[in-house]
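In order of appearance the chains are A, B and C, and numbering begins at 1 in each one.
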Amino acid sequence: MEACADTMMNMSNQTSKRNVRYVIIAIVIIVIIAGGLYYQTTLNMGNTSTTSMMTESSQVPVSLLGAGATFPAPLLQKWTVQYGQLNPSITISYNPIGSGGGIQQITQKTVDFGASDAPLNDNQLAAAPGLVLFPETLGGVAVTYNLVQFGIANTTILHFTGPVLAAIYAGNITKWNDPQIQALNPGIALPNNQIIVVHRSDGSGTTYAFTNYLSVVDSAWSSEVGYSTSVTWPVDKLATGVGSKGNAGVAGTVVNTPGAIGYVDVIYAVQNHLGVGGVQNAAGNFVAPNLQTILWAAANATGTPNPVDLRLHIVNASGAQSYPIATYTYILVYKDMSAQPNMSLDKAKALAKFLWWAIHDGQQYSTALIYVPLPQNVVAADEQLLMSLNYQGQPLVSQ
Amino acid sequence: MMNSNPRSRAQKRARPPNFFFLILGLAAVIIPIIAALMLYEIGNGSLSSIDAFGVSFLFSSDWIPNPPNGGPPILGALPSIYGSIVTTALALVLAVPVSLGVALFQSDLAPIKLRVPSMFMIEMLAAVPSVVYGLWALLVLVPFMRDYVNPQLKSSLGFLPLFTGPTTGLGMLTAGVILAIMIIPYGSAVMREVISAVPRSQREASIALGATNWEMIRTAVLPFARAGIIAAVVLAMGRAIGETMAVTMVIGNVARISPSLFLPAETIPSVIANEFTEVAGNDVYLSALFELALILFAIAFIMNLVGRVVINRLSFKVRGELPA
Amino acid sequence: MSFLLSHSRRRKAGNALYIILATACFFAALVPLISILYETIAHGAAALSLAFFTQVSPPIGGNGGGILNAIEGSLVMVGLASLIGVPIGVFAGAYLAEYPGKFGYYVRLLAEVLTGVPSIVTGIFIYELIVATQHRFSAFSGGVALGVMMVPIVAISTHESLKLVSSSIREGGLALGISRAKTLVYILLSSARSGVITGIALAVARVMGETAPLLFTALGSQLMMTNINDPASSLTLLIFDFGTSPYENAHALAWGAALTLLVIVLSLSIVVRLASRLKVSGTE
């Protein structure tokens, strides 16, 4: 009896509850339909421009995924957007996860191309048979700092030598007004505050370039720490090291931390209005990173690029006004793209076309982001490599 | 009971395998399958690291994934274990008293009309996603700690090794604070359930004897609820240890063991989050991260198990849903 | 322990202290909540605009842009997660309610423990299981990771809701000759409907706010996801990336995304709980 009454009461309550439910379902359906329509229109708005120029001849729609270094990320992401506007059927996504990530993911074949500022060492190349690399741009690693709170504007260029930087990152110099720093910057009232030393917490080609420089100019650093995409920073054990993820993370930490010093690609420092230091180069001059000084570093680097091994070292280059912490940055692809499980012939062709565009037309976007356009001899060597890219023997670049 | 109904017993014996039972059973069995698969994948992934480092992994404080001479990586979990323990301990020190206070307020002190709104407000805290906590912590809490709290602590308590060193705001102290904020809703909800489970007769008896509110709580409620409160603390500890995003955003990401709470450090989840995608073809390094995940899984599993078993034993009187 | 001793002033003071401290604790716990809501609304509202909801996220250092790809990714992955988590969770919860026994007890305990597993461990698990074997980061793997998280949550709340249904209703159904399956679906689940839906809504709110499992599965993307086997962004991944970047524009977008996420999650959590509380007090 009681169960009967309960059930009936439940059922009448359920009727009104059910009505409310139907209304909610109707609203949800309307929202989904509206969303779907919206999605259809904005999918075209969002990814491509409404006036597309020079559309390539009909292309099977493909989507490509690249991941890796944060150092060239502003330029790479600019390229993917621009190229996507030129070729609406090709969508390329670039995820900046750090050079270490780029190397790992292309080795694991979970991405279509990788990017790294650190050239792969022989072990890493052995772990990824068939992987080749070529430089797509070059830039400078800026020593950046934030002393605004202490009365030093970020337009002031502080001077650093290699050994002084090594001492800072080793935790041997701990205060801004240390005599060694002060001696390099007479006339600037450096504060008596601790230096907060910011480095990368993830595997980084920028770290590679920076520590490469430190190893070249400071023998103690070279033997105790060395250079790599991730090192054990002595400053962590001794004093005030802070790790941040990506170039953007380091820049962000320096922005938010008075008295911090860090190393980032120069565009990150400039866009965030941070101080950029003048670093002493091999000729003894204090040089700040800009397009000209980085270009001189590349021009003065020893030797012509070897088309077989395109790993180029331009750290601590000679030349009166060469910036000493300049670095090429590399794209990593498989020579025979059929080695990648998710790569079809169409995707491989599209990727090769994109890369060809990047080293030619794409270079026009570099200077605005403070990357130096590739020197002609490097472009020639890259062209040779790109022409050797194939899919089961079928060449991908037809020029 | 139903099963003693002769008709259904006969039906059960006569019918072929029960479709209903199969579907439901299949769904239920997926849960242990998930747990087992998880354990298998993570355990399997850890094997190279366990092989290479053995037990010393837990006690070694060097984290050198790429030694300068190109040798094999030298990895140790001690800095991340240390960071996890310290931040969790700090979070508990801050959160347990506050949770208890909140639970007592909600179950004992709040006027009836305020009771539901007060639970509602604390549940809002629980619903905020971890990454939003992290964003707020990074952009609001860190400057606040750096500019107001840390200098105060330094000047008044700077003689303790806990409060030495430069204060960037990114470090174990801020991580402990945000963790505490995040576990208060969970801890207080469990405590409130446990406190409400104390029989009314006990409370009424002590009030009848003339006890004040506090005395009633102290003598009639807390002794009964003690085991449950401890279980709540254990569960909150399990939560705090596994928290990833908010901590990664404010802890400073440095492999360091130092007594100072101001200095950047790392926790097990923050190491995994930062370094997993980029172990750069280095099998032992990847495996070491799996081993860290295994350690994390084991700790969280055990804490949750202990906490839940204790609560279950106490909760036969508690109606309704336990906070999930 | 006699309360009749004449320490009344000290006892009253002790009591007053207790009341003050407990109340202070409660309000102290509210301070961060108020701050979070205030900051998110203040910064987030400033970032909202039509462009915000209709454009994809900008490249590093770029200006403008919006969070459309993040919204899409979140909806798709949570949708996939629900497709996995809800059926399995509801049926598992029904099993626990229909067949209480040793196995059921341990499954329930395991489910409770699984809800406490750190979500980053779930992310690594799915990376090994799906991403590494398929050699691709995908929204699919992200959705599966979230689905795996949803299963125990939904199972437990379904079990609890079904437990609350009075046994006389079940017995009534069986006495009428309705099979166990139909009793469950048409009678028990209907009675428990509000509780089950509440549980599902809360589980959806929970996974919508998760980031760690998506870090190594969906990876994140600057583009709209057109294929479920491609990487995708989500509101949470966007907040993490843009929050930790130094650019003001990125911060603005992160706050806007945080506001959007908060509105969705809080509405789900609170409205549903309020609705179920009102219903419970109405029918009892």
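Just so we're on the same page, contacts are C-beta pairs under 8 Å (C-beta built on N, C-alpha and C of every residue); 3 or more make two chains touch, one makes a residue touch a chain.
Everything quoted here is computed from the prediction, not taken from an experiment.
S.K.: How many hops, at fewest, get you from chain A to chain C via touching chains?
M.R.: 1
S.K.: Average the CA atoms of each chain to get its centre, and name the chain whose centre is farthest from that of chain B.
M.R.: A
S.K.: With contacts defined as at the top, give the pair, A-B or B-C, that has more of them.
M.R.: B-C
S.K.: Using Cα averages as centroids, what's the distance between chain A and chain C in whole Å?
M.R.: 33
S.K.: What's the distance between the Cα centroids of chain A and chain B, rounded to whole Å?
M.R.: So the centre of chain A lies 34 Å away from the centre of chain B.
S.K.: If you average the CA atoms of chain B and of chain C, how many Å lie between those two points?
M.R.: 16
S.K.: Where does chain C touch two or more other chains at once, residue-wise?
M.R.: Within chain C, residues 171, 219, 244 contact more than one other chain.
S.K.: Where in chain B do residues touch two or more other chains at once?
M.R.: Residues 277 of chain B touch two or more partner chains.
S.K.: Using the touch rule from the top of the page, what residues of chain A touch 2 or more other chains?
M.R.: 67, 97, 108, 244-245
S.K.: If you look only at chain A, which of its residues touch chain B in the complex?
M.R.: 67, 97-105, 107-108, 121, 123-124, 127-128, 193-194, 196, 201-203, 223-233, 236-237, 240-245, 253, 256-257, 259-260
S.K.: Spell out the residues on chain B that touch chain A in their complex, using ranges where they run on.
M.R.: 62-70, 142-143, 146, 165-166, 168-170, 252-256, 263-264, 266, 274-275, 277-281
S.K.: Contact residues on chain B for chain C in the complex?
M.R.: Residues 2, 5, 8, 18-21, 23-32, 34-35, 37-38, 41-42, 44-45, 97-102, 104-106, 108-110, 116, 118, 120-125, 127-136, 138-140, 181, 184-185, 188, 206, 209-215, 217, 219, 235, 238-239, 241-245, 249, 269, 272-273, 276-277, 289-290, 293, 296-297, 300-301, 303-305, 308-309, 312, 319-322, 324.
S.K.: Flag every residue of chain C that touches chain B in the complex, lowest number first.
M.R.: 1, 3-4, 11-12, 14-15, 17-19, 21-26, 28-30, 32-33, 35-36, 39-40, 87-92, 94-96, 98-99, 103-104, 106-107, 109-122, 124-125, 127-129, 148, 151-153, 155-157, 160, 164, 170-171, 174, 179-181, 184, 202, 205, 208-212, 215-216, 219, 236, 239-240, 243-244, 251, 254-255, 258, 261-262, 265-266, 269-270, 273-274, 277
S.K.: Please name which positions on chain A make contact with chain C in the complex.
M.R.: 2-4, 6-7, 9-10, 13-14, 17, 35, 38-39, 42-43, 45-47, 63, 65, 67, 70, 73-74, 77-78, 80-81, 91, 93-97, 108-111, 244-246, 248-249, 251-252, 254-255, 267-268, 271-272, 340-342
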